[in-house]
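The next block holds one structure in the form of structure tokens; read it before the comments.
Residue numbering begins at 1 within each chain, and the chains themselves are lettered A, B and C in the order written.
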Amino acid sequence: MKKGAFASRSPRAALRAAGLAALILVFVFPMFFMTSTSLKSSREANLTPPSLVPAEPRPENYSSAWGRMNFAHYLRNSLLSAFLTIAGQLLVCVPCAYAFAKRRFRFKKPLYRILLFDLIVPAQAIFFPIYILESRLGWINTMRGLVIPFFYSAFTIFSLVQYFKTIPDEILDAARLDGCSEARMITRVIAPMASPIIITVMIFTFVYKWNDYFWTSILTTDEAVRTLPMAIQNLMPVDHAAREWNIIMAGNVMALLPMLAAYILANKAVKRGFIRGSGK
Amino acid sequence: MKQCACSEGDSVRNYLRRVGSAVLRSPYTLILPAFALCLTFSVVPAALSIRDSFRSVDYVAGIDKFVGAANYASIFTDEVFLEVFKNTVVFMFCTVALSIPLAVAVALFLNEDRFMNNLTQSVIFTPHIVSFVAVATLWMFMMDPRYGILNHALGLFGLPPLRWLMDSSTSLLSLIIVASWKTIGFNSLIVIAALQKIPPELYEAARLDRSSPLGTFFRVTLPMISPVFVFLVTTSVIGAFSTFDLVKFMTEGGPRNSSSLMVYWIYRTGFLHFQIGRAMAGAVVLMLFLAAVSALNFALMNKRAHYQ
Amino acid sequence: MKKSFVFLIVGVILALSLTVWRFSGKIEPGGQADPPPETRQDSRQTEILFWNVFADETSTGAFLAKAADDFMKKNPDVKITINGQGGYDAMAERLEAASASGRLPTMAIIEETFLGRFHPIAEDLSRYLPSGVIANYQPGLLASGYVGSALRAVPFNRSMPVLFYNKTMFDASGVEAPPATWEEFRETARALSDPERGIRGAALCWDTDAWIFESILYSWGGEILDETNRKVVFNEDGRTAEMIRFFQEMKDEQTLFSPYDHQEDPWITISTEVLEGRAGMMMGSNGMFSLYSQWMADAGYELGIAMQPSLDGTPSAATGAGNIIVFRGASEERKAAAGRFLEFLAQDEYVAEYTVLSGYLPVTKSAMNSEILRAMLSEKPMYQAAIDQMEFAHRRPLTKNWKNMYSVIVEELEACLSDARADAPEAMRDAALACQKIMDENPD
């Protein structure tokens, strides 16, 4: 940070600095408080007035949360479900979007409308038949049950189609004249040209899947394939036991660290991705 | 097949190859997987939801019969459902009214490309990538009526403590605050991107016209960024209508249903109380409502497209 | 193009028919939901899946695991798998979900009132249990297992609400005996209270399924449903509101601690108050006796246990907690094996041992005379109060709608004891109307 960034040469600059400070306070403070609580003893966590900095930092809260959450297991599930979903979406949605953007065929419009159905209907509203279907298929508590329904995403298809349309037809025609198969067309021509949007939808999918609680809670009943948000829930006791906020916050910090690290490392790409996702 | 390595076999193989390559090249093959998944996990479940909303379904008692509009009659005479519906609409309006104008203000404030601005912007975006579960537990802790830091902060300003999630008059408000806190960063990011696309000449022209800063904002900035509003409103509305995690974690809809929202109600009615017909009727109402909102939005979006 | 469109149609039809085929695949309800692969080969072994209401790590989980091991040693032809489900509500939700998907276990523990909901899929156990075993169950506890003349559930972990008190605190305040009536309860609470030091005489939690409310209401002479189980009567006279007001007044005069102003689980909130010496008594399940005694001893207090107070010296209390049911859809071999396991669990040594371990009531008559139980009573004579209370057991609501109904009632009750201080008559009127609507829309 540059020194003197806050040096107030004029009241205007001071006001600016105050505004920035207020914003940072509102958005950073909760995160800071979460981290600080995660290092307190459980007695200190419930103190009034609350202490801002732990009197005696207790990093062992983290090992305790790690063990109680069975963190490694849930982390593995989270990573696996996020990456499998991304892979599945690439396999399912990219060819589909390519067909709708660049091929002509009969019933294209009505079929596209049906495919975009999900944009209007939130899947949460129709979870019950999905639950019944999955349980009859025996997919409850399986990784396939947790990822296969998400291989299709109306949002992904829509974003891809919008972008694919901007690829000039001449390039595709030239490739076709060279005897390029559809599979090659998608992997060698479309994918490289559309890599920004593909990265964008991958980021979206990753964030969605990593943070998803609703579907995990509906489609699983034991911890075999449950993901990190469920692990935090495990730290919130239901049966007659006290909430240990310090441990819960330690779990929170651990669950968001991978995401935060990725965000810090790829800050520009993530932000650009979200902006592009807005279609602008 | 093996013993028949004759010409006929070759022609069969050729035929298969021809058909195979035709199938591979067909656009229908390309869309088939997505289409099958869409049918299986969206269209058919939605159809089944609509069907079940007219039925009385009870797997334990072995009942599955057509009951006409009884489920709809039941939920529309149910005070709880009506309250939940009202809560959802209030929640939607408040999150939109709070998070979008604030996001515009923040975006204008952080628009200039400076190090501190970019840093602040990155920081306020962080809640968007954090799970609702983490956000919910964090805010629950801060909103605890006894030792929560928010009440302590109110005390520093000489204000009386609030009971936040524990009081039916403040529980929904608390959820609105948390939901807005989570989305402002995302919204302002989108607005900033739109602001930076405004050609500087427009501002130049406004300056030459001696337009006041406020006048410039209303005559140049706002019209230029208005297309992103459609996107932001759509995502906020859909987000508000599918809010589940916050309710489940922070209040379970209480006290006395004051903070229950539609998706949570559907979940509770269908999945915890297994009144499947009623839950599905609620789901259909939600779908219709969202379809109407989306249609309105698309209409606006098309109008905007002509505008540009 | 045309050709490939045909392919698409064929493909979709194929995909859908595959789905539908699996959808309608034959599943034996009450069989094993997902048998572990390594045990699948041995076809002579009957595998049964038993859903325990408590998690595997709890004392009940450990007890059942050990009992199942003992049983399997003597009966190598049966393999029992026990899965913990995490609470009575969670169990009910899982059973609903499992009936929807046709993947029920062989047997399960349910809260006794859930028989009103699950009896259509529960087997008549008189077909699988010798009559001697049935006759040996405590009649007060067996009653809730009957639907009509069919025995659809047998008692396992059964309890009644009792009054837990901090005997050390009683002695220090000069209170000699635990209160027998609610008026004495209030007096005792006043004697124990010291608002300046944050000490309340008593703490009260209605329970998540309104069980404590229900039980206190019975002691107040009230009823939830009439004898037909179709009419909601708890708001017929002003009794219920008057009873709630009694506790509201205690809260106002700072002699009663209410957990409903706190975000945490109400049970943990009030038991922490008692444990840390900030509250002198609380109503709770006698199933918590062993755990609470341990906690109190660790905190340096002596725990007392007494019968639930009454209005005028005639006690009446709700029974509660777990009965075991066996699912009708299971195969004959599985049901027979489940029956043998139930018979095994009803032996004196297991019944008595479980009571000692947990504090739940001894569910058979003969277990009362067992060495193990006698030893326990000579060591902790105050537990006799829990046993004595069994004869004052009150009938419970029997309707499939009870879960929906108590959810409504609890919301109102919580509002009454929270700082919102809802008006009791109004709250009970709303609750009664809502409950009657639930029953009328969905008659049993």
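We adopt the following convention: contacts are C-beta pairs under 8 Å (C-beta built on N, C-alpha and C of every residue); 3 or more make two chains touch, one makes a residue touch a chain.
Quantities reported herein were computed from a predicted structural model and do not represent experimental measurements.
Peer 1: Tell me which chain's centre, taken as the mean of its C-alpha atoms, is farthest from chain A.
Peer 2: C
Peer 1: Counting C-beta pairs in contact, pick out the pair of chains that comes out on top.
Peer 2: Answer by contact count: the chains A-B.
Peer 1: Any idea how many Å lie between the Cα centroids of chain B and chain C?
Peer 2: Roughly 38 Å, centre to centre.
Peer 1: Give, as an integer number of Å, the spacing between the C-alpha centres of chain B and chain A.
Peer 2: 14
Peer 1: Residues of chain A touching 2+ other chains?
Peer 2: In chain A, residues 105, 131, 133 touch at least two other chains, as defined above.
Peer 1: If I count partner chains per residue in chain C, which residues reach a count of at least 2?
Peer 2: 1, 4-5, 19, 97, 100
Peer 1: Which residues belonging to chain B are in contact with no fewer than two other chains?
Peer 2: 25, 27-28, 31, 35, 39-40, 146, 271
Peer 1: What does chain C use to touch chain A in their complex?
Peer 2: Its residues touching chain A are 1, 4-5, 19, 22-25, 27, 34, 55, 86-87, 94, 97, 100-103, 264-265, 267-268, 271-272.
Peer 1: Where on chain A is chain B touching in the complex?
Peer 2: Chain A reaches chain B through residues 1-2, 5, 19-20, 23-24, 26-28, 30-31, 33-34, 37, 46-50, 91-93, 95-96, 98-100, 103-105, 111, 114-115, 117-131, 133, 148-149, 151-152, 154, 157, 181-183, 207, 210-214, 217-218, 228-229, 232-233, 236, 245, 248-249, 252, 255-256, 259-260, 263, 267, 270-271, 274-275, 278-280.
Peer 1: Help me check something: in the complex, which residues belonging to chain B touch chain C?
Peer 2: 22-23, 25-29, 31-32, 35-36, 39-40, 59-62, 74, 78-80, 140, 143-146, 163, 165-168, 254-257, 271-275
Peer 1: Under the stated contact criterion, what part of chain A meets chain C in this complex?
Peer 2: 105-107, 131-133, 135-138, 140-141, 221, 237-243
Peer 1: What does chain B use to touch chain A in their complex?
Peer 2: Going through chain B, the ones touching chain A are 24-25, 27-28, 30-31, 33-35, 37-46, 48-49, 52, 106, 109, 115-117, 120, 122-134, 137-139, 141-142, 146-149, 152, 155, 181, 185-186, 189-190, 193-194, 197, 227-228, 231-232, 238, 241-242, 244-245, 248-249, 262-263, 266-267, 270-271, 276, 279-280, 283, 286-287, 290-291, 294.
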